[in-house]
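Sharing a structure, written as structure tokens. Questions coming.
We call the chains A, B, C and D, going by the order they appear; numbering starts again at 1 in every chain.
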Amino acid sequence: MTRKNLTTDDVSKHNTQSDCWMTVRGTVYDVTEFLQQHPGGPQALLAYAGADATGAYDSVHTPELLEKDAPASIKSLGPIDPQSVAVDLGALNDTSSTKPPLESLINTYDFETVAEKTSSAKAWAFFSSAATDLISMRLNKEAFDRVLLRPRVMRNNKEVDTTTTILGVRTRSPFFVAPTAMAKMIHQDGEIAVSKGAGAEGIIHIISTNSSAPIADIISAGLGPEKQTHFLQLYVNTDRAKTIALLKTAREAGVKAVFVTVDAHLAGKREADERLKVDVPVKSAVSGAVSHNDKKGGGMGRLMGLYVDRTLNWEDIPWLKSVCGGLPIVLKGIQTAADAQLALKYGVQGIVLSNHGGRSLDTSPPSIFTLLELHKVCPEVFDHLEVYIDGGIRRGTDIFKALCLGAKAVGVGRPYLYALNYGAEGISHLTQILNDELETTMRMCGVTNLSQVHPGFVNTAMIDHFVPDSTGHPYVKWRPKSMI
Amino acid sequence: MTRKNLTTDDVSKHNTQSDCWMTVRGTVYDVTEFLQQHPGGPQALLAYAGADATGAYDSVHTPELLEKDAPASIKSLGPIDPQSVAVDLGALNDTSSTKPPLESLINTYDFETVAEKTSSAKAWAFFSSAATDLISMRLNKEAFDRVLLRPRVMRNNKEVDTTTTILGVRTRSPFFVAPTAMAKMIHQDGEIAVSKGAGAEGIIHIISTNSSAPIADIISAGLGPEKQTHFLQLYVNTDRAKTIALLKTAREAGVKAVFVTVDAHLAGKREADERLKVDVPVKSAVSGAVSHNDKKGGGMGRLMGLYVDRTLNWEDIPWLKSVCGGLPIVLKGIQTAADAQLALKYGVQGIVLSNHGGRSLDTSPPSIFTLLELHKVCPEVFDHLEVYIDGGIRRGTDIFKALCLGAKAVGVGRPYLYALNYGAEGISHLTQILNDELETTMRMCGVTNLSQVHPGFVNTAMIDHFVPDSTGHPYVKWRPKSMI
Amino acid sequence: MTRKNLTTDDVSKHNTQSDCWMTVRGTVYDVTEFLQQHPGGPQALLAYAGADATGAYDSVHTPELLEKDAPASIKSLGPIDPQSVAVDLGALNDTSSTKPPLESLINTYDFETVAEKTSSAKAWAFFSSAATDLISMRLNKEAFDRVLLRPRVMRNNKEVDTTTTILGVRTRSPFFVAPTAMAKMIHQDGEIAVSKGAGAEGIIHIISTNSSAPIADIISAGLGPEKQTHFLQLYVNTDRAKTIALLKTAREAGVKAVFVTVDAHLAGKREADERLKVDVPVKSAVSGAVSHNDKKGGGMGRLMGLYVDRTLNWEDIPWLKSVCGGLPIVLKGIQTAADAQLALKYGVQGIVLSNHGGRSLDTSPPSIFTLLELHKVCPEVFDHLEVYIDGGIRRGTDIFKALCLGAKAVGVGRPYLYALNYGAEGISHLTQILNDELETTMRMCGVTNLSQVHPGFVNTAMIDHFVPDSTGHPYVKWRPKSMI
Amino acid sequence: MTRKNLTTDDVSKHNTQSDCWMTVRGTVYDVTEFLQQHPGGPQALLAYAGADATGAYDSVHTPELLEKDAPASIKSLGPIDPQSVAVDLGALNDTSSTKPPLESLINTYDFETVAEKTSSAKAWAFFSSAATDLISMRLNKEAFDRVLLRPRVMRNNKEVDTTTTILGVRTRSPFFVAPTAMAKMIHQDGEIAVSKGAGAEGIIHIISTNSSAPIADIISAGLGPEKQTHFLQLYVNTDRAKTIALLKTAREAGVKAVFVTVDAHLAGKREADERLKVDVPVKSAVSGAVSHNDKKGGGMGRLMGLYVDRTLNWEDIPWLKSVCGGLPIVLKGIQTAADAQLALKYGVQGIVLSNHGGRSLDTSPPSIFTLLELHKVCPEVFDHLEVYIDGGIRRGTDIFKALCLGAKAVGVGRPYLYALNYGAEGISHLTQILNDELETTMRMCGVTNLSQVHPGFVNTAMIDHFVPDSTGHPYVKWRPKSMI
């Protein structure tokens, strides 16, 4: 029954319930009979009728399932003609497109503007999108803009020092490359280039579980684990054995800490990303997740996150500690004082106040609100944990404001993706820009060393009344009967 | 004196005070002499000189009046040629217009965008319009956008349950199809299709008194009264006998509760609707009201609402209870804590906090303000009544926020009209979208069951200072002398 | 030396310091020698070199001065050729321009839109302009939009009564035609048409001191002083004898009260008006002021207000009372509680809280702020004076809000000018629209009679914190040394 | 080795690390060998490879260094052909461009609009730009717009007096020409014309350390030091001897006070200025700084400010007093109450609350916020120092508001640069406009003399809650461990 030279065109003609083919891992299958037997229902399969279902398959099944244990109702028709499959990651980022000279870019927005014009439509949609109405994404930046500085004058600040430590590790600047998925979508060197640029500039790089390059390659591409620091961002897999394996690999490669993401156990509804189909499936070299489409659309975040364990909860912390093998653990995505207190109670080393760049849940609070909430509700947290924030950091002034309010460091996400558009050089150039802006801010405020910053340098009056006072509601005392 | 083959062209030539014809219920009359005798004055008649006055006539008179008791000064000239009258309800909604595939619509706004482009101008004007400067309509949505969520992390929420009860009836989702008039204007299947879609998705449908299909047809079109729940929205008629008859019909058809609208005893000034003349009169199959024009314009809400009893007041509640025959009564359109307290006192089963989608009185409060006002002034209401809200609900986050603040469920109005543009499939698709968004919100906030929601999940600081504290004014103590 | 047939062209050639002609009251003069002797300096004259200076002359001099007492250095050259002078008031308002049918206009903004398109450029500039950056003009309306209504439901309001009294005079509606200058610029019938329209609708008309028609003509054009009420707006003239004469004329014509403007003893800087030269000088039939240009521009308000007495102060009130001959006196333009208290002390009958439609001083407070300030600082004022407000009243809801906060009535200014574009019919139609909107608002709020309104119907929380608490500054205690 | 007729074209071809020429002070050098020996590193030189480096050179070195002490690795190639160098300051401001007649400009914005259209691109970029996102620049003006006036009526204000004193010196108006650099870029007469215009109008002119004309020339161009007052703005030079010399020159020329800038010891990041290369280097006739480019861009403020001493601090005040030779000292750029208190402690005569027109650090506070902060935290400052403010002053109302809140006078910066576009006449005309607006504001508020202004004339409620209460943060008590 096996045929030769099956092309994607051939497959595409069998796209109905009564005649349903699809390609998985290079083999074409006739699943017409199997449709009604599929445990997930026929609709889940029909979304890929006449198309390649490798991504969806890999997100939930092991390769063995189809290779060894396929039911008889699934008929293998033979290999797909490789020529007819255009999986060309290079096509995702048109490196030949004309970009302005790197040195003409002088702020984070310049990188964003260029990326919008020169990256692939899908890369732009995936990276720039955020949840539903983009309210939190915009509020992230607006919240910083409404914090005013209080510059002190007539202080000798000829020399300025921007260095600090994060989890005890020295860094040239109090900001790090926040973890972002699938960097190769915007530049063929992907995370390799990020690692090189971060190493050159002396800042810390957090590697995503959904990286498009292997962890060991990323780390070895830079100055090496002795001279450069990498942390790992972690999504816990429903198959926890995979997580254990991943952590082992990471530790061996030289990762120094684990940032567990807690605000994206499912993906937010990023509509710009959903509306644009995945035309060329891509695969994470770390988690193994593959981008694909289903009938809801082409949301990469949603479809590549299917493996993430939605049962993860506070009682899993001891297990996490055990499998991290002594590496410091940081929880990324804390959005309330109540959860910051739990993080303290459960004994992690740090927290990242974050709404995932506005990508997870719209109208979730900007991290600067949460940072202020901690001061109101549980200031003791700052004595025992390192607190970081991310989301909306676009200027040196933003970094300075966060530090004045007790953040140990800040994460910069999308801007580094947009800078990666220029490879390692872009990473380096953006880092210099942000460091320059930070230095200027410090000098203008009369500060020469980050140990001197304190809340007196910022006026938060424009946002103070938006910050909740407690973990409950100030005057709505109603409770559902089930809680009384 | 009777003539044959009178056409609308013939009638249109007699359009002055000294030569005035008009058509009513298929008969052409010469009312020139009668003009000065008309109890409502000649102007009311002259608005229809040379045209069809059936709609205006039916809104205030019984058919018998003209057929049996017409004064001698009204001269019947014979029947209008039916061929010359183009009453084609289908012309109101161009079902042939090209719409994007239903599955490409992924949120409520998509439905609105498509409806604006593909529904008839008059349908769009009637459905989308709101009172005068649209301030309340816009504020409805903006108020939700300014309520921030407070997501709790690290909780097991693999399984999520969106079911709840409304007036003791089980529903798959805590939102219902709010009552809206004349659904056939946007799709030929009108309320029939709404009923089918709501039934398929397990949510409750509230039938409007100004429905374009009969109540019994609507209910039987779905799963039937045993398996699907319908409520009735009620405008009390000046001729109360008609209301009694209507309620009897509704009960017999299987309606389970009555939502009495209290914020539209007259229609708001919806200027977009007024500016567009009614070209094809349409008639409600329930109330019998007919759309028409007068010299102020073509406001359908205003002209089809002429029969509504403006004397209805709290002392009518016992009568209402008696004629509802034991069905639960809900007052729709409560906008102050003071009236919520009266609703409690008068013993109804529920209230809908609503400003009628901003359609009744501009600068009336968005329902989320009123919801908060109740918590400030009369929190006991939540213990004894079911409280619903509508107006501006466009996202799953909006639904979740309302529930956290004590709403038992929310109504969704215009979005379902726009979804009806796609028939029952549209109703179904929109319901799935909203339910999906609600599920995502619940998971992101760490909630698996609606019995777990509470005010601690929302930060209302951005709108708190807009909420009145009491039923009076906080510092203006002036009272008119008539009140002292 | 007298020449014949001197044309405006001839005059225009003599437009330098060394050869300076100008026309005054139909005669051409050579003022070259006189330039240096002019008490006001040569610049004041040179602004009219080669042009017609009648307007500027009349604003400050009597006709006799030039006719009888001219110095020898002014040489009369003879009469200007009347043919060459195009003083055609009709040209100022192009009554032939195509306007939409009156009945298609359904709100105040429609009248504004039509006026902008169909009135003369200078009329539009004069009427629509406001002081400098238009902040107060815009704030006037925005302040109303931010006051929310609190509608009460379930009240019998079949019948609604909008009548009230102003200074003891019955009026159909609680709003009046606010005084505005030079109405003929927008319609040839000017104030005559306003009077007719106001009379037909039963509302009060306040005649401007800068009316383009004589007071007696205005009053007699309507229903006559027995059946219709007119008040007079007064600018006190530097030559007080003129004011005494004017008041005598007004009383004899039947004026029932005097509204003394106190916020425009000089004109605000209305830049749109300044930028457009007066091409056809016009003259007030009441004050005698004439529009003209000078080197600062063509600001009609500024140039026609030169006669206003800038020395007028509280100590002049007894004199005002004496010359008003027992007519009630109202001060128009009160903007602080402190001045409201002085008005009470000095014994006038009423005050208009007003910032002159934003035309006098930019960033002056909208009247609704001042109304609230009175309640905070001196609520006793409401017991002894009638308090009116104007500025930004564009909707029936605005009127209702003002009344709920203690205003006895409100003034409507620009909208009536724009309505006058349609003559008396326009005045009538706009009045009906506003009355209709007011009735709808009353019914929606459950009010049937204006004696029932009170502050409980409005929520002013959105503007409360902008209202000053006292007559000083809440925390800035600095005082200039001269005051200590 | 010397060649003749070297042109800029010739030089431009040698623009790499392995073949590097550049021109300094009219001589072409081959610095290829010297690159690695440059104390500042090769990059600093390579920024000028193939180009003219005079500006950068002069900013940090004396002419002698290269002429006498050049190392052997720098090879002089001979003079540049003067014909090939187009240093034409006139080219920077196209005086032939068509400007509207001066008298048609009626406010500060008109001058700005004309300047944008008619000045050179680089002049516009340099003058109009501000730090990064322009938030502070915009907030400067918006803060004034949100302060409302509280006009008092019925006061005799026929005569109005705008005179006051600044540091004991009489001035016709309570505003001065704030110091701005390189005025010749917008008009060939530069500071000479400013001096003439300010003298004619009787206001004080503050001369910038980066003036394009010599101090003595500027002062003598006006009415002379006896009849006209000039102050000097000072940037302290890293080479303090130069500052001592400059102050001596200034005193001898007749300068009456010294305004030491304390908020620009480094320049803000003015991106519009950076993006536009300096095509024609210009040089300050006072400080000697020269505009040039480097690899970051062409930011004139940044590159001409390299000489400013970043070590300047409070302990330098005694030295400053000694070198100012008894002239009053004012600190310009105070932005916190804490620094105002230090200024008082260290015994200067005045302070300018300023954020440098938003040009130094974005999100620094608008001066009106700082002015209010002083009243909250240290009102005693007003008893001992003269307090001025600048930034965002565009209207007479702005001036009046500042004075009501205790400012002795205000500075007007950019508007005077834009007015200079018309030479001395422009300076004069703008002054008259502002004085007129101030007079109108005074009259409208019932004030005839500046000694009568006080805080009761302004309502700051719209900005009060943005003003910090103390020198610390109201509730964030976190402090870095280094401070505990």
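Just so we're on the same page, contacts are C-beta pairs under 8 Å (C-beta built on N, C-alpha and C of every residue); 3 or more make two chains touch, one makes a residue touch a chain.
Keep in mind that what you see is a predicted model, and the values were worked out from it rather than measured.
Can we say the copies subunit C and subunit D touch using the same residue numbers, with more than half in common, or are the two sides different?
different
What is the distance in Å between the mean C-alpha positions of subunit B and subunit D?
63
Just how far, in Å, is the C-alpha centre of subunit C from the one of subunit B?
44
Taking each residue of subunit C in turn, which ones touch at least two of the other chains?
Each of 465 in subunit C touches at least two other chains.
By the touch definition up top, name every chain pair that qualifies.
A-B, A-D, B-C, C-D
Provide the residue numbers of subunit D that touch subunit C in the complex, in ascending order.
103-104, 106-107, 145, 147-158, 372, 375-376, 379, 382, 395, 397, 405-406, 436-437, 440-441, 443-445, 450-456, 458-462, 464-465
Name, in rising order, each residue of subunit A that touches subunit B in their complex.
Touching subunit B: residues 132-133, 135, 262-263, 265-266, 268-269, 271, 274-275, 295-297, 310-314, 316, 331, 333-336, 338-339, 342, 360-365, 369, 465-468, 471-483 of subunit A.
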